[in-house]
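Note that the chains are named A, B and C in the order they appear, and that numbering of residues resets to 1 at the start of each chain.
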Amino acid sequence: MSTETKDHAALADDFNKDEDRVDWHDETLWWIRQKRDKAVNKLPDWELLRDTASAIKDNVLSNLSVYLQEFEAKAQNNGIIIHWAANAEMHNKIVLDLLKAKGIRQMVKSKSMLTEECHLNEYLENNNIEVIDSDLGERIVQLAKEPPSHIVLPCIHKKKEEIGELFHLHLGTDKGNSDPQYLTETARQHLRNIFITRRASLTGVNFAIAQTGEFVVCTNEGNADMGAHLADIHIASMGVEKIIPERKHLGVFLRLLTRSATGQPITTYSSHYSKPRDSKEIHVIIVDNGRSKQLGRADFRNSLKCIRCGACMNTCPVYRRSGGHSYHNAISGPIGAILAPNLDMEKFADLPFASTLCGSCSNVCPVKIDIHQQLYKWRQVIVQNGYAPAAKKAAMKLMSITLSSPFLYHTSGKAGRMVLRFAPFAVNNRFNPWFKQRDMPAPPDQSFGEWYAKNR
Amino acid sequence: MKVGLFIPCYVDQFYPGAAIATLQLLEKLGVDVSYPKNQTCCGQPMANSGFAHLTGGCDKLFTESFRHFDYIVAPSGSCVLHIKEHLHSTENADDAASIRNKIYELSSFLTDILQVESLPARFPFKVGVHQSCHGQRGLYLSQMSELVAPGFSKPGKLLNMVEGIDIVQLNRPDECCGFGGTFCVAEEAVSVKMGKDRVEDHLSHGAEYITGVDMSCLMHMEGILRRQGSKVKVIHLAEILNSYQ
Amino acid sequence: MTDREQIINAIAANQPAFSPLPATHFTAEDQEDLASQFADTLTAIGSVVFVVDNLADIHQHIKSNTSADHRVISTIGMVEYNEDIGTNISPHSLQNVEIAVLKAHFGVAENGAVWLTEELMGNRVLPFICQHLMIALPIKDIVANMHKAYERIGNDSYGFGAFIAGPSKTADIEQSLVMGAHGPKTMTIFLMRS
């Protein structure tokens, strides 16, 4: 089976075949979660910041149609050219047309999860445009011909030895050398040459300010700025939900974003693009691609508050032990699992079930998205829409009938605790997934109900 | 004060000891407690699997069984959270609403309603405390490590009343054990790995017992401990609070 | 219907009832500690901090740390490092700049960031393309946190502005922190007493 047809459980099973690697992946991400804890505990206002950010985003969602038009007008006033794309295809076409009009065949791109969602690279390559990802992690997965496994740490699943081998093959580094300093310096030289020679640059957008028409891009590497300030044309792709009302609200979001993401107090660069350079162009593409539909789903619209910090992935005990690729979606982890079913409920029917509903994701979320509650609600919606496996439907029906009847419950219970034949841990055989790596609880002589009848 | 004892189905069938300890502990504290015999299950296994629409029968039974009590107490954070968040009854809407407010997980009933300040308990062993997610993050039984807020723990407060007990510190005090209801079989590989890692945290700190407010998490960890041939045992919080060893 | 109309109509139809903006009042740090907090944060994020009396001290520091073949560009009145790098030059011609010496509007104590707008950069790409970035900042121009920072920026108009906090960095390879990903390998802040 290919990745295309395997579900989360099967992909996670593959990932778990190498337990040392799972431990390494888990420890690395847990370390980032600990850095986050350390950073947030330095701010006594942390919970107030989260409440405020969440309330600002509530306001944004409730007034989005107005803010988008305000942003458009202010940005146009500043000399920025605005495009609108209802879906991924339109977004990709706009980018291609902009490049074609200038006769550009090569583009440098900084991190944009939206372009991953739209599969822009693939589309441009099919149209003979070369795209080079400039974020180091993204460049690494691009060389490996893989999607990013994490929205902030694209190659967190790769060991340095694997990266050393990739660089040896593609960038001519010494075989066997996997020193991060050496590999990073090689990438710096390689990508400097790219930055200097590319006439077009594409970036994502972290925040777009309705009040001023400016947009903010956050990076640690400086790759967005190196691309944008050296190119003739800067294309910035943003989802409609990236709007925030006023410039001063950046104070709230920039305090939250990186502390949540990596435990840094702020990214190295928080760049505010307001006007293009003389005789150069800035284009902003405002993309819907299912977001307006999600806005209409009362139970799920809060997912649009996401500022893409990745904290929910770092804290998720399932993500840490299944890897980002097991979510088979551009955005992985808990937030990916509540965003993806909106785009394709059948394809992503498995994702809301890839969770124990432990709730840690909701607690680290800087904009207080009720992620685990939405996972629960998506499960109901997915089943109601007919995307549950038939065997599961039958088992649940039988369980429901038994548990709805004290008579059936007690008679099946007496017959060797059979009530729990629906419960996986009750069947002692090798075909039972419980028993594969866990023992059964020892059946007691009598149930509590039987004991109570005799003793009270 | 009339208290209805709610014993989750898997506790009734597999861990009667935890249920008996809960009953005896409440009786010891002078509570008028009884066990309605027609109860079965809160309906969570169906609901968490996406089949909340099949829980009508469970909801009806539950509401009928427990509507007349002043409080309902259960030795489980997870099942109580499910009732609090999802119990609905079209026939008895008011009763269901009232039950959602007066149902308590055992440790919070002891600390918040009975306001227990001392217990005649002795348990001279090294014990690791597992924070069950639904009790902790759902019912706020303990402070959560993700938040910037003062610490507290209701089960911890009760365990501190137990003579001779030695609570071990953990590297990850509130990480999920990976049980997760049907997750434990649907996502077998990750579930087991989470359970192994959780158990290892307790073992490496010398725990002789692992305790918690939810038997389901403990059952999962027990399955792993026994497969590993470990001598370490799981024990419900009620059994420690009810023991004098 | 254009994509624009389609998107705006769909959003207008689906957005929930109006929810007002919250108040944004937060604790400010103790004003007395700002300079030392700023310096401590800078060190933690990989910057180098010097406390100096004035521009002449900075000039002296650069002179003693560079050789004649290093291209040094300053926009803060050090005559020998002045170059016309405005809009009439190609930004690509700045690729061999070794050191850029710029002034910042202010610094932020809680995160070690400095705020520059493009007129202080000379050229937008300069603070990113140089190998080493040096920033002159009067010690009095430090604010406590990002809320104070945006109060100070207010409604200022700029074509481009950036908070810069330390050297360019990456930890994409196994979370090993490496300075100098694409931008400057070092960042030095001169806190000026006057």
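Operating definition for what follows: contacts are C-beta pairs under 8 Å (C-beta built on N, C-alpha and C of every residue); 3 or more make two chains touch, one makes a residue touch a chain.
If you're wondering where the values come from, they're calculated on a predicted model, not measured in any experiment.
Trainee: Would you mind checking which chain's mean C-alpha position lies nearest the centre of all protein C-alpha atoms?
Mentor: The most central chain, going by mean C-alpha position, is A.
Trainee: Hey, which chain ends up farthest from subunit A, C-alpha centres compared?
Mentor: Between subunit A and every other chain, the largest centroid distance is to B.
Trainee: Quick check: how many Å separate the C-alpha centres of subunit B and subunit C?
Mentor: Those two chain centres are 52 Å apart.
Trainee: Give, as an integer number of Å, the spacing between the C-alpha centres of subunit B and subunit A.
Mentor: So the centre of subunit A lies 32 Å away from the centre of subunit B.
Trainee: Go ahead and note the Å separation of the Cα centroids belonging to subunit A and subunit C.
Mentor: Averaging C-alpha atoms per chain gives centres 29 Å apart.
Trainee: Among the residues of subunit B, which ones contact at least 2 other chains?
Mentor: Where subunit B is concerned, no single residue meets two or more other chains.
Trainee: Provide the list of subunit A residues touching at least two other chains, using ranges where the numbers run on.
Mentor: Correct list: 44.
Trainee: Find every residue in subunit C that makes contact with two or more other chains and list them.
Mentor: Within subunit C, no residue contacts more than one other chain.
Trainee: Help me check something: in the complex, which residues belonging to subunit A touch subunit B?
Mentor: 8-9, 12-13, 15-16, 19, 22, 26, 30, 37, 40-41, 43-44, 46-47, 315, 317-318, 321-322, 352-360, 362-364, 376, 379-380, 382-384, 388, 392-393, 396-397, 399-406, 409, 413, 417, 419-420, 422-425, 432-434, 436-441, 443-444, 446-449, 451-453, 456
Trainee: Spell out the residues on subunit A that touch subunit C in their complex, using ranges where they run on.
Mentor: 28, 31-32, 44-45, 48-49, 51-52, 55-56, 58-59, 61-65, 68-69, 78, 84-86, 90, 134-137, 140, 153-156, 159-160, 163, 180-181, 183-185, 187-188, 191-192, 195-196, 220-223, 225-226, 229-230, 240, 245, 247-252, 254-255, 262, 264-278, 286, 288, 292-293, 295-296, 298, 301
Trainee: State the interface residues of subunit C toward subunit A in the complex, per the touch definition above.
Mentor: Touch list, subunit C to subunit A: 2-4, 6-8, 10-24, 26-27, 41, 45, 87, 91-92, 95, 108, 110-113, 123-125, 128-129, 145-147, 149-151, 153, 155, 157-176, 178, 180-184.
Trainee: Considering the complex alone, what residue numbers of subunit B touch subunit A?
Mentor: On the subunit B side, the touching residues are 7, 9-17, 19-20, 23, 34-35, 37-41, 43, 45-58, 60-61, 133-134, 137-138, 144-149, 172, 174-176, 178-195, 197, 219-220, 222-224, 226-227.
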